[in-house]
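Both of the next two complexes hold chain A, though its partner changes from chain B to chain C.
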Partner chain A sequence: MEEKKAQILEKLQKVFPEISETKNDFPYNRVDLRIEKNKIPAILFYLKDEMGYKHLVHITCVDWLEEGKFEVIFIVWSPVDKIKVFVKTFLDRNNPVMDNVDMIWRQANTYERELREMFGIQFEGLVAPKEFILEDWDDMPPMRRDFDTEAYARKRFFARPGREDARDVRQTIAERTGEEIPDFAKKYSR
Partner chain B sequence: MINDKNSQKIVDIIQNFARKHSLFVLAYGTGCGAIEIPPTMTSRYDAERFGIRGAATPRQADVLLITGYLTTKTVKRVIRVYEQMQDPKYVIGFGSCTINGGMYWDSYNTIKVLDRYLPVDIYINGCMPRPEAVIEGFIKLQKKIMEGRAEGAKHYKENLEWYRANQKKVLGPTTPHIQEYNW
Partner chain C sequence: MAREKVTTLYLGPQHPGITGNMMVRLKVKGDTIVGARTEVGYLHRGFEKLQERRNWLQAFTILCRFCVPEPDPVEEAYALAVELLEGREVPERAKYIRVLVLEMARIASYLLWYGGQSGSAGLYTMGQWSVGDRNYILDLFEDLTGGRVYHMFIWPGGVRRDLPKGFKDKAMKVMDYLEKRLDDYDTLLFENSIFQKRAKGVGIIDKNKAIEWGVVGPPLRGCGIKSDIRIDDPYEIYGELYEKGVFEVHPYEGGDVWARALVRRFEIRQSIKIIRYVLDNIPSGDFYNKIPNPHKWTLPKGDAYSRVEATRGEIGFFVASDGSNKPRRTHMRGAAYVHAITLLENILIGENVADVSFIMNSLGTCPPEIER
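Showing the complex of A and B:
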């Protein structure tokens, strides 16, 4: 497996000299690499057509709030090599625009719609209905880390009164029976 | 039509007795609690011995069982389904998500207090309630029906403006899925 991974990297590096490998905790069946965002369609095409990475496992996104970046991750898998390749790229958090890849895998369209709705990432040339899961959404995309879901829920929905002064069960029992809360349990108390 | 008050009472008793023993439950699963319905209905717990059965369409159903959290998108459909049902109709809120939000209390997309949107006759608590609890809830509902206190539908009819205002506040004024309903 080690040689296979090295071969994959070598082969890719010949065509795309600018890729950098990143570390991961799965030594046997996973290769992680990072590349600029404008090379993404090219490298995915190359992986699919030349190297047999036919299967698109997932497209996902990580919100690096502190660094002001989104990291979009494409996971592809080869039924021959049995190795997953994670192709990662950074986008600017204030202007998350990248190329659409649904001409490579048709099913990428669904993942891209999801990322557009949940993180606000714009895929140039994506043809899809405006809404995916949410209906009449009028706030920040909800999966961004600076979206405060609790505040939003409090503002938008009715809450049953009594929730706020809900107490720790242990406290109630301790008062009723006159027992002490043991020290080990205290750190879980509110 | 019977005008005499005492005869009406007897008719009511017979009517309630009949209603109580044929509760057709609409098979509309929302949230995770719907997974407890198959064991409740099938041979292990066999809810049919209490007269509780499944119904295929809203117009044939008596009970709308809300089995868990409702997203804002689902609640629009549920309201439509409820309004399509014919009298007598009852709503059972099932699981803590319908009572106060449960573990989804801070979710951006699920409603929390079901009785603001639909008239709930019985709540069954638990996350999720076991089939015993479900049957217990149904028996409570039957008791309520027998006593003539299960009047959610009537309450909904009388306080339609209040319910509509609540629904519109949360689901948006432009929501196209709720049409004005005329009994």
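Showing the complex of A and C:
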């Protein structure tokens, strides 16, 4: 397997000299490579058509907030080689634009819709309805690390009338009925 | 025919034929579907965001909610991903117990599928039988894990508990019973001419395109392609079991609902074989490689992706760590993410409206794993 992993990287590096970083010292069947974003469709096409990496396993994105980057990761799998290839690229967090790849695998369309909605990454040429999971969303894309969930919840939702103080319901019942809250339950009261 | 106009039909989100909270917007001409669009968004709970605020172990209370009928493969996928990231070893006994749990979950999920698939063809007796028998598996789960539906049993480093006393005898008895019942199921469902007529030639997936369309699991094996994560990218002891001939993977030609049903019919028997083998050959030893205090447990910076074969197909978990005690990002790949959207939208065209839920069931659609 180690040989095969090295061969794959060698072959890819010959065709794509732009590959900036590779990693194949994993103790399992995995090869990593990093390439600039405008070469992504080309390398994925090559992997699929020339090298038999027909199965698109996953497309995902990691938000490296401190470094100001999004890392988009494409995982492809070959049923013949039985190796996972991770194609990674960095996007500028302030201007996350990259090429659409749904002409290579049409299910990529779904992944791209999700990344567009959850991270705000724009895929050029992506044809899909604007909304996927979220409805009428006008805030920052919610999976970004700097999205403040608590502030959003406070802005968006409100307490039921009479429950603004978030008081323990057992307290209210105890006052109304005149019964004592048992000791074991006090432990769980706010 | 020229007078027939195209009508829009909304199937779901609240509809008995839909396998959960999602909607298929159909364009129909008479009874024939000419366009389909899957609409999701009724079930989003933000699990992945929630996990980013919890430590690596606390995620397990959320994980089982990713797909209710079959929570164990998701736990397994996450645990595997964490172990790959950290390089943590799992004791041999824990691997056996994990396989036991996963195969029990597979049987439970297939029994539920029997109900869904036959119910959507109007054969309700089948579902009453199989869901009733599923309770015996849930009883075993209760003995083993303490929970019937949600187990939170598989975790990084092994499993939570050892096998309880007398578990082997009980499980063997249930397996013997189930094996007998499966013959009854064949008589009731697979020999039923209504089911055969409904299932054959419906919802056909093109064999040549199947892999690149992202078809996985039983639907792919129903296209005549021998593909199973358990043998292609083996995890736990599956590679070893396959080499020893404990279980087989058998593809069926056709690519229709019938072929997918046969795949499931075959696999439920294989799961019984695996459970028997595991119970007979389980090694003694530790069942858990103890992790440090979970609040202080940090994982090295990097990412990992694990794959597990569930009844719906390939389940995967991507985790990325920034070196802290919480995940930087977790992202689940569910089989339904591809099956219920791009695949379903394409294979529904030309089918009858009455077959929509029938086809959806055969693909193993599970909306919670689309939205998470």
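As a working rule, the second predicted complex is superposed on the first by the 151 of 190 C-alpha atoms of A that agree within 3 Å, B and C clash if a C-alpha of one lies under 4 Å from a C-alpha of the other, contacts with A are read in each partner's own complex, and residues count from 1 in each chain.
Throughout what follows, a residue touches a chain if its C-beta (ideal position, glycine included) is under 8 Å from a C-beta of that chain, and two chains touch if they have at least 3 such contacts.
Computed from a predicted structure; not experimentally measured.
In the overlay built on the shared chain, the residue A:D136 is in contact with chain B alone; chain C does not reach it.
Annotation for chain A, partner touching more residues between chain B and chain C: C. When both complexes are overlaid on chain A, the residue A:H58 reaches chain C alone and has no touch with chain B. Applying the stated contact rule after C-alpha superposition, one finds that A:A153 touches chain B and leaves chain C untouched. Once the two complexes are overlaid on the shared chain, A:N109 sits against chain C while remaining clear of chain B. In the superposition on chain A, A:F184 makes contact with neither chain B nor chain C.
Common to the chain B and chain C contact sets on chain A are residues 133-135, 142, 149.
For chain A in complex with chain B, the residues that touch the partner chain are 133-136, 139, 142, 147, 149-150, 152-154, 156-160, 162-163.
Taken together, the chain B residues at the contact with chain A in this complex read 72-73, 76, 99-101, 105-113, 116, 166, 170-172, 174-175.
Chain A contributes residues 27-30, 48, 54-58, 60-64, 73, 75, 77, 79, 82, 84, 86, 105-107, 109-111, 129, 131-135, 142-143, 145, 149 to its touches with chain C in the complex. The part of chain C that touches chain A in the complex is made up of residues 37, 40-41, 44, 46, 48-49, 52-53, 84, 87, 211-214, 216, 227, 232-233, 303, 305, 307, 314, 316, 318, 320, 322, 328-329, 331, 333, 337-338, 341-343, 371.
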